Amino acid sequence: MHRQNYYREILRIRRVEEEIIRLYPSDKIMSPVHLSIGQEPISVGACMALQPEDVVFGTYRGHALYLAKGGDLRQMMAELFGKVTGCARGKGGSMHLIDLAHGVMGTSAVVGTSIPQAVGYAYALKAQKSKSIVVVFFGEGAMEEGVFYESLQFAALKKVPLIFICENNLYAIHSHSTGRHAQPRHCDRVEAFGIPARRIENNDGEALHDAVTDARNAILKHGAGPFFFEAMTYRWQEHVGPGTDWHLGYREENEISAWKACDPVLKLANELDPDILTRIDAEIQAEIEDAVAFAEGSPFPQVEELYTDVYA
Amino acid sequence: MHRQNYYREILRIRRVEEEIIRLYPSDKIMSPVHLSIGQEPISVGACMALQPEDVVFGTYRGHALYLAKGGDLRQMMAELFGKVTGCARGKGGSMHLIDLAHGVMGTSAVVGTSIPQAVGYAYALKAQKSKSIVVVFFGEGAMEEGVFYESLQFAALKKVPLIFICENNLYAIHSHSTGRHAQPRHCDRVEAFGIPARRIENNDGEALHDAVTDARNAILKHGAGPFFFEAMTYRWQEHVGPGTDWHLGYREENEISAWKACDPVLKLANELDPDILTRIDAEIQAEIEDAVAFAEGSPFPQVEELYTDVYA
Amino acid sequence: MDRIIKCSEAIREAIDQEMAVDERVILLGQGIDDAKGMWGTTLGLQKKYGEERVFDTPLAEDGMTGVAIGAALAGLRPIHTHIRMDFLVLAMNQLVNIAAKTRYMYGGSLGVPLVVRAVIGRSWGQGAQHSQALHSWFAHVPGIKVVMPTTAYDAKGCLIQAIRDDNPVLFVEHRMVHQAQSHVPIEPYALPLGKARILSSGTQLTLVATGHMVMESMRAAEVLKTLGLSVELIDPVTISPLDSATIFNSVEKTRRLLVVDNGWLNCGFSAEVLARSAEHFQGAGNISYARMGFAPVTCPTTKALERQFYPNVFNIAAKAADMIAPGISLSEELCPEAPEITLFRGPF
Amino acid sequence: MDRIIKCSEAIREAIDQEMAVDERVILLGQGIDDAKGMWGTTLGLQKKYGEERVFDTPLAEDGMTGVAIGAALAGLRPIHTHIRMDFLVLAMNQLVNIAAKTRYMYGGSLGVPLVVRAVIGRSWGQGAQHSQALHSWFAHVPGIKVVMPTTAYDAKGCLIQAIRDDNPVLFVEHRMVHQAQSHVPIEPYALPLGKARILSSGTQLTLVATGHMVMESMRAAEVLKTLGLSVELIDPVTISPLDSATIFNSVEKTRRLLVVDNGWLNCGFSAEVLARSAEHFQGAGNISYARMGFAPVTCPTTKALERQFYPNVFNIAAKAADMIAPGISLSEELCPEAPEITLFRGPF
């Protein structure tokens, strides 16, 4: 795994979301944003193990995945601004990012609902004898929805070329996972469907990258699959919106301090040449400025657009 | 376990369903019937471990459970005939038997849907500090529905006084279970939720009886629960209706021969005094004749009944 | 040339012909490979097209609908079947929150070419949970089309069009209509969705009926003819988008509108038809309106009550007669119970 | 005595007061113990009544609805909350196939005293999946009542009645209505379900509005008053069973009916109101009809389009004015965008 690229991708997501935080009070983004700050290594680690033709499905917390898979930043920013140049012409917003050219198949704001679609997509790839795979990302909360188990069942039965990735950030909105599960070993539940499952601790995108690489090989070379990974991670910001939420009292500030102490950005930065860091930072800054300017400069959709795209 | 009662209960269900088969061509029962012939030991074994105040939830294949839990035969027969004296005033039919006085809480014709209700009922019993438990019966097909897993999750989380009993008869309509599951060890999937699970082979109502007895004790004495049992059994008749279905070709006649060779009625009859057998047979016959006469003699609901019972 | 076949055969033929020419078409659903072949509508198709394209599914309506949507996103054209419309109630999230919204939500960048077949049950004590007709729910939601053909001819043509359509289409069948026969060309043909069919012309009353109620209304129209009353019977065929123009043209002429929906009335299709007519004709009053449908209750199992739950030839004819010529008397003997109901035997 | 409180406070108070007197009442739902307390509607209740009676649930809408039904069967009176009505789409099976049918299916031997609270989202880019208003779906199905109060006074009284009601009741809230204030007595009181409320009397047009559209219509009526036009504004409060009589009495007088539903039109509540009126007044024409509601599209996220998706003061007033006095001109300046919309800030 190319560590410089890894760093670059993580930093890019971090900076984009920081820019969103900065912009938010201006009311230019008039829609909910679910930030991934702190969770970037998961999307980046997994997506660096994929090829452009592989396909990903995600959730409303989708900026990191969209960017990690190669989604266009200008179109994303324009989408958040509600502009017609956005990836969904402004009709989707932050919760519904899509970039077909880069295999970002869309994200749902109803928890758990894109999981079976990923299974169906993978079924189709297999039927079409395609040489690519599907990866679906979801929070640990989605593992409480019945449709998750229905999806495991069919995926295992048909041995589809699919990797499930649970981003376990411990919370669903403000509810801690232990208040919702009697049995906290999520992998056990998946294995019981005959699907190999593994938990990866400590926000470890590199370990996830290697695991996804191996799984992808096993799928493409030996027809193995599906696979499941539970990636332990942590969200730094509030569930939705640009702020923090320690004041609400549902989690303690020292819980986050522990995670922040292992900030992947800082850790990786320590390993790299300062000149490289400066260059990367500048490139990212320029890209973000360009994207914001693009979004700012783009028009809103015309009123007639209200009625288009309902039917083909 | 009182073996004579066990025999009697099984035989009673068998004879009632045989009477339904006999009556069916007369078109007096103008509704679907899902017979339990062959599966009787499961309902009987489990229910003999229960007290009258315990409560059961079942499925459209519900005659055996209704009778085993003490449901009124006259009201059942009248219900099948569509008469106003039926347990649901004719509005429910065979698929919706209920007898609140005997703890039969009703059955649903939508696969899997009464499972969460059983969980909620058990939650209420616990909140009310009641000294009774809930048992919910369902086919192995129901374990494919997402709501089953949602129910396991909440039941385990709240440690409700509930026993899940899966009557695994290998088929959902004409589909064999292996065509629907990649991983056939159903108990594993349940255990992964932190719920003790055990498979009981060979249509063994006695083993199930003992297991339910122990589980019930553990629930009431130590606040344990929930528990899960997978009871292997086999349906002799067609999925729905009075006939057999070998001609359809989805299962082989020698599969049933093997199960019929262990017919619990014959096996138990061998152990009992012939005089007792004759007496039991006669009693059951008389009860059935009475119930059929009751059903025959009862009126249909008046047309005005169409509009009652929609709202309280 | 003049081949008469059953509606169920027409459905099977439509699927077969589309699968033969378009290998993106796949067929999935519970019991699809069943020996009885979903009332014959899927018979032999697995053998012909293989288990990858035609397969039985686990009991998981919501998940499998999601799977079908995912396959559609990947370029396949799935047909997902349900033996009862009641089971769609488990799949509403995927159908309404995903299938109907995908194209819009992503600014037109992708769509869901999915056909969902759902069969409305009736008779032999189907009861509360095997008798529901929920087409109005789907018509309420933008982004999904709803078709409910009632002749074998329309069934074949509309199903072929539904399969070719790039939108999610709910294709509603009725098990009492499955046996109805009509002329059906052997070659494949597509009928446009959104086009109503005038099944019989008339001048005094416009009768709009859906599903099995079309069969009952057809008979009612025949009975009324013997009394010298003239009814124009319209089968909307497509529930959404609705061909209002055909209905308005008829009402313009007849000044009387009776809608007999194969479903509940409240906030449903029957209300929509009346509302559109009221809006269209406005104060230009003198139009009389009525509607019939399921009784506003849960469907009872016992025949004694089930019989009253549905409109039938007699009370449809009586209502129409009363609207045209108040006070006219209609003998119940002219209106025997429908043969598809009286002859129907279970066990399901 | 004349205490003015917010609708969200009235809801909290209703729950609190019923929980205090009836220990069978329990409260469950995702995030119910949240620090923000579901917009304040559940604040402090877990602390007061304990974790057994007030609890957060896993993300499992269908299963948890079944759990609530089961608890109701056992004699409890659950209130199950959903922060968006869109998530009810996952629970349709339990709500429609079980809760609505249980009493009938079992011949009246048991019932499901369940309250389901669902909040309609709007503004700040709620988009396709967080903005739906599906009350018409539930009104279509017999066996479940649907209430959608819009004043704090009605919210408290109807919620108390819903909790005491022995039937399943869907209690629909709107997050733009949560902040609306009105006079609310401090003591508990129950208002009968199925009774409409005339919010302002008038003579020239009957305006029936629901949910947030009541607030918009109220403003529209004020604007029209300045033009000398007189509108009678009716809030049905209960969507099902609907109080038609109050509407008919008004239309009898005004001869004009405009329905502004907080939802889609097709096969929905607005159609039902028009249909009932058309049936009631029959050929006694000269009534003009119109309806407004969500645009027949999926709800877009961008403000530029979302603004057009909903009816607003201006176009409601313009429509009404045009029906009463065609050609009359209405200045858009008289009709500023609703403050609850313009002032609303996210982040959700």
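Annotations
Think of it as A, B, C and D in the order they're written, each chain with its own count starting at 1.
By our rule, a residue touches a chain if its C-beta (ideal position, glycine included) is under 8 Å from a C-beta of that chain, and two chains touch if they have at least 3 such contacts.
Worth saying up front: this structure is predicted, and the values here are computed from it rather than measured.
Each step here moves to a touching chain, and the least such steps from chain A to chain B number 1. Mean C-alpha position of chain C lies 31 Å from that of chain D. Chain B and chain C have CA centres that are 36 Å apart. Computed centre separation for the pair chain B/chain D is 41 angstrom, with centres defined by C-alpha atoms. Shared contact sites, meaning residues of chain A that touch two or more other chains, fall at 86, 88, 90-92, 96, 108, 110, 144-147, 149-150, 153, 157, 180-181, 310. Multi-chain contact residues of chain D (touching two or more other chains) are listed as 57-58, 60, 62-63, 86, 89-90, 93, 97, 104-105, 127-129, 142-143, 296-298, 300.
Contacts between chains leave no pair untouched here, as each chain touches all the others. Those residues of chain B that touch chain C in the complex are listed here as 24, 27, 30-33, 82-83, 86, 88, 90-96, 108-112, 141-142, 144-146, 172-175, 179-181, 238, 240-243, 248-250, 300-301, 303, 305-307, 310. Put simply, chain B touches chain A in their complex at residues 144-150, 153, 156-157, 159, 180-183, 185, 188-189, 191-194. Taken in their complex, chain C has these residues touching chain D: 62, 86, 89-90, 92-93, 96-97, 100-101, 104-105, 127-129, 134, 136-137, 139-143, 240, 242, 255, 264, 266-272, 274-279, 282-291, 296-298, 300. Interface residues of chain C, counted against chain A in their complex, comprise 26, 52-53, 57-58, 60, 62-76, 78, 93-94, 97-98, 102-111, 142-143, 145, 165-167. Partner chain D is touched in their complex by these residues of chain B: 55, 86-92, 96, 98, 100, 105-106, 108, 110, 113-125, 127-128, 146-147, 149-151, 153-154, 157, 308-312.
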